[in-house]
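Scroll down for the structure; my scribbles are underneath it.
Order of writing sets the labels: A, B, C and D. Residues in every chain begin at 1.
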Amino acid sequence: MAAKSSSPKPAEELAEAGREFYRRGWVLGTSGNFSVLLARRPMRLCITASGNEKGNLEETHFLELDDDAEILQGFGLPSAETMLHLTIYRLIPKARSILHTHSVWGTILSDVCFENGSIDIEGYEMLKGLSGVKTHAHKETVPIIENSQDYIALSHVIDTVIRENKGIHGIYLRRHGLYTWGETVADAKRHVEIFEFLFEVLGRQMK
Amino acid sequence: MAAKSSSPKPAEELAEAGREFYRRGWVLGTSGNFSVLLARRPMRLCITASGNEKGNLEETHFLELDDDAEILQGFGLPSAETMLHLTIYRLIPKARSILHTHSVWGTILSDVCFENGSIDIEGYEMLKGLSGVKTHAHKETVPIIENSQDYIALSHVIDTVIRENKGIHGIYLRRHGLYTWGETVADAKRHVEIFEFLFEVLGRQMK
Amino acid sequence: MAAKSSSPKPAEELAEAGREFYRRGWVLGTSGNFSVLLARRPMRLCITASGNEKGNLEETHFLELDDDAEILQGFGLPSAETMLHLTIYRLIPKARSILHTHSVWGTILSDVCFENGSIDIEGYEMLKGLSGVKTHAHKETVPIIENSQDYIALSHVIDTVIRENKGIHGIYLRRHGLYTWGETVADAKRHVEIFEFLFEVLGRQMK
Amino acid sequence: MAAKSSSPKPAEELAEAGREFYRRGWVLGTSGNFSVLLARRPMRLCITASGNEKGNLEETHFLELDDDAEILQGFGLPSAETMLHLTIYRLIPKARSILHTHSVWGTILSDVCFENGSIDIEGYEMLKGLSGVKTHAHKETVPIIENSQDYIALSHVIDTVIRENKGIHGIYLRRHGLYTWGETVADAKRHVEIFEFLFEVLGRQMK
């Protein structure tokens, strides 16, 4: 790892989140990808290489990239979704870690709520786990974006969605997975847990 | 830890409960808070500081407080919900540990049963896990209180609810979480497990 | 432990089953009890003492009893359900270990199927995990008995039910829990897993 | 183990998959069986012996067999389902590991979708975890075969089904379990996780 930050290193923190999410079934089958912003100008990020099991990440499973997704350090292929990470970092100044997960309840909700355009969550105490939210009365909107294999097009859509939805904490790719972020890995991990909890609460009450 | 009790120390017992509850998904996203009564007069309690992950609590994540919620020892902020712990300890002489958790099934039931005013559980053998309950025929009432960010008002409501419902083992804050207690951490932990089991049994049978 | 058997000792095997069942949520809140038959004539059994957490059993949490449920070794109280273990050992010559668990799906099914008198399971490959079952076409009947705090009466009912249902592998106490047994702890543990799997399969398909 | 491959040995990799699947409830009650192809001509495979708990496999729980299912090394009985492994290896040149698991959602879906002849999955990003699948728009067909205790007949059916369904990644035996395969144990394990995730997504949305 090129990251010179103090302990725990970004890769270690992401590996720990990976172990926990794998255990819960949110990154099965090598799905998901995780990153940390190492520097903003020029942009450098540490991100999981493609195709590794997320429950058992080691230092060699991470790459250091610049903002053209060129590899500065490490071996392996960057995920095709690296572009989405770069787009989010560029648009959200406070985001310094991005976690992307695939859960059963999220997948179901993203489909059921697709016509509505977003998963809307309101009135739950757990919402206070999202950075900056001070009351359960808060209404959180998680925009749902149609899934695509064209990641350039997807980046543009995400760009627009983030500009039009100030203050959101996450985005859902339909029948695909959640993107959420935070100022630290711990913040982003907490956001994953909060969203997944609330997705399950909503999902289990659907008729 | 100022607690001079013999091993295991209160903080260690609470940390162990936290690991287990986190694993089960009952304190996700740094939610929940746990306390032990160290002394009744003058009141001193050991309680989790705000904002820490409950699956990985260490001694430094606990505070020792007096009954004005002033910090006697430790670093960090007391949770805003500390007041609710103090209210419960004042009213229930046998309570020496309080555990507050957030579960999916509890959240759902607290909403579905809100108009009824309580979650009522009757006829299950597991009820015998609640202190003092001798038969499955027992009817347990878990009063549901509307959630609020005004913790002073909430304390008053809890005060009234406890006075009017002698012998209850827990209270549910609507769409928020369970408060339960016991004479020891082990008793309170057992109560969490009993309630969560029964909430799931009821929740899965709702039409 | 008085057991002179070779390693693993009965208490160790039961403790291991307890850890696994606790993890799966089948013995929450100190529920459940486990035994091994040490000798048949005169009858001696090793059984969990009452009130201990089943996920963390140690040698001191077990008692050695004779067939009047008198304590030969160990400290603590025998569970009130010891009598049911004795009844089962007396009637089923091949039973040398009995495991009693409390699960969400079993609790629900035992209630829904109560009028039918039994949980009937047929046509699943997993049935072949029950001792002596050679085909998925097998029809397994799990008699449901109304729960009671009168354990003498309950023993008599269990006695009758076992005599009238030759070849069964388990009994369900309504809204209470499963009793299953085997020639070894491993057999009984396998039966718990098979039944719980199939209870979940049936329970999730109930309308 | 006769396998001369470099570390990790096939048996170790299969044991690791077994621990994970057992934890998730996909090989309860000693169900399931796992194999690795050691050589294709003449065929030699390493396969779990019958009757062992899959969460705790050791080197002694594996057999080395030739393509008549004769034991070359190891102790114990080959599972009756060994024949199905041999059939799959013979027909699918790229298969070098086969994993057979029993899950609740798979069991339910295999029954509900039986009349349809297959479990059809389309439009989910997770499908890209199946080897060779490049887009979520992919339609995966998992043929369902009626369960039988006649493993010779079953082998013939599987033979036909594989010949008629080029490019499939798995087969479901009705109310029994999944067979999936890959070029490595890691590939086959990923396929199990992908299928189980998607079975749960579909199963939870059934009316």
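Convention: a residue touches a chain if its C-beta (ideal position, glycine included) is under 8 Å from a C-beta of that chain, and two chains touch if they have at least 3 such contacts.
Note that this is a predicted model, so its numbers are computed, not measured.
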> How many links in the shortest chain of touching chains run from subunit A to subunit C?
Replying inline: 2
> If you list every residue number at the subunit A and subunit D contact, are more than half found on both copies (same) or fewer than half (different)?
Replying inline: different
> Between subunit B and subunit D, what is the separation of their C-alpha centroids in Å?
Replying inline: 45
>> Please tell me the distance, in whole Å, between the geometric centres of subunit B and subunit C computed from their C-alpha atoms.
In response: 32
> Among the residues of subunit A, which ones contact at least 2 other chains?
Replying inline: none
> Can you list every touching chain pair?
Replying inline: A-B, A-D, B-C, C-D
> Any idea which subunit A residues touch subunit B in the complex?
Replying inline: 24, 123-126, 129, 134-137, 186, 190-191, 193-194, 196-197, 200-201, 204-205
> What does subunit C use to touch subunit B in their complex?
Replying inline: 25, 28-31, 53, 102, 104, 107-108, 147, 149, 173, 175-177, 203
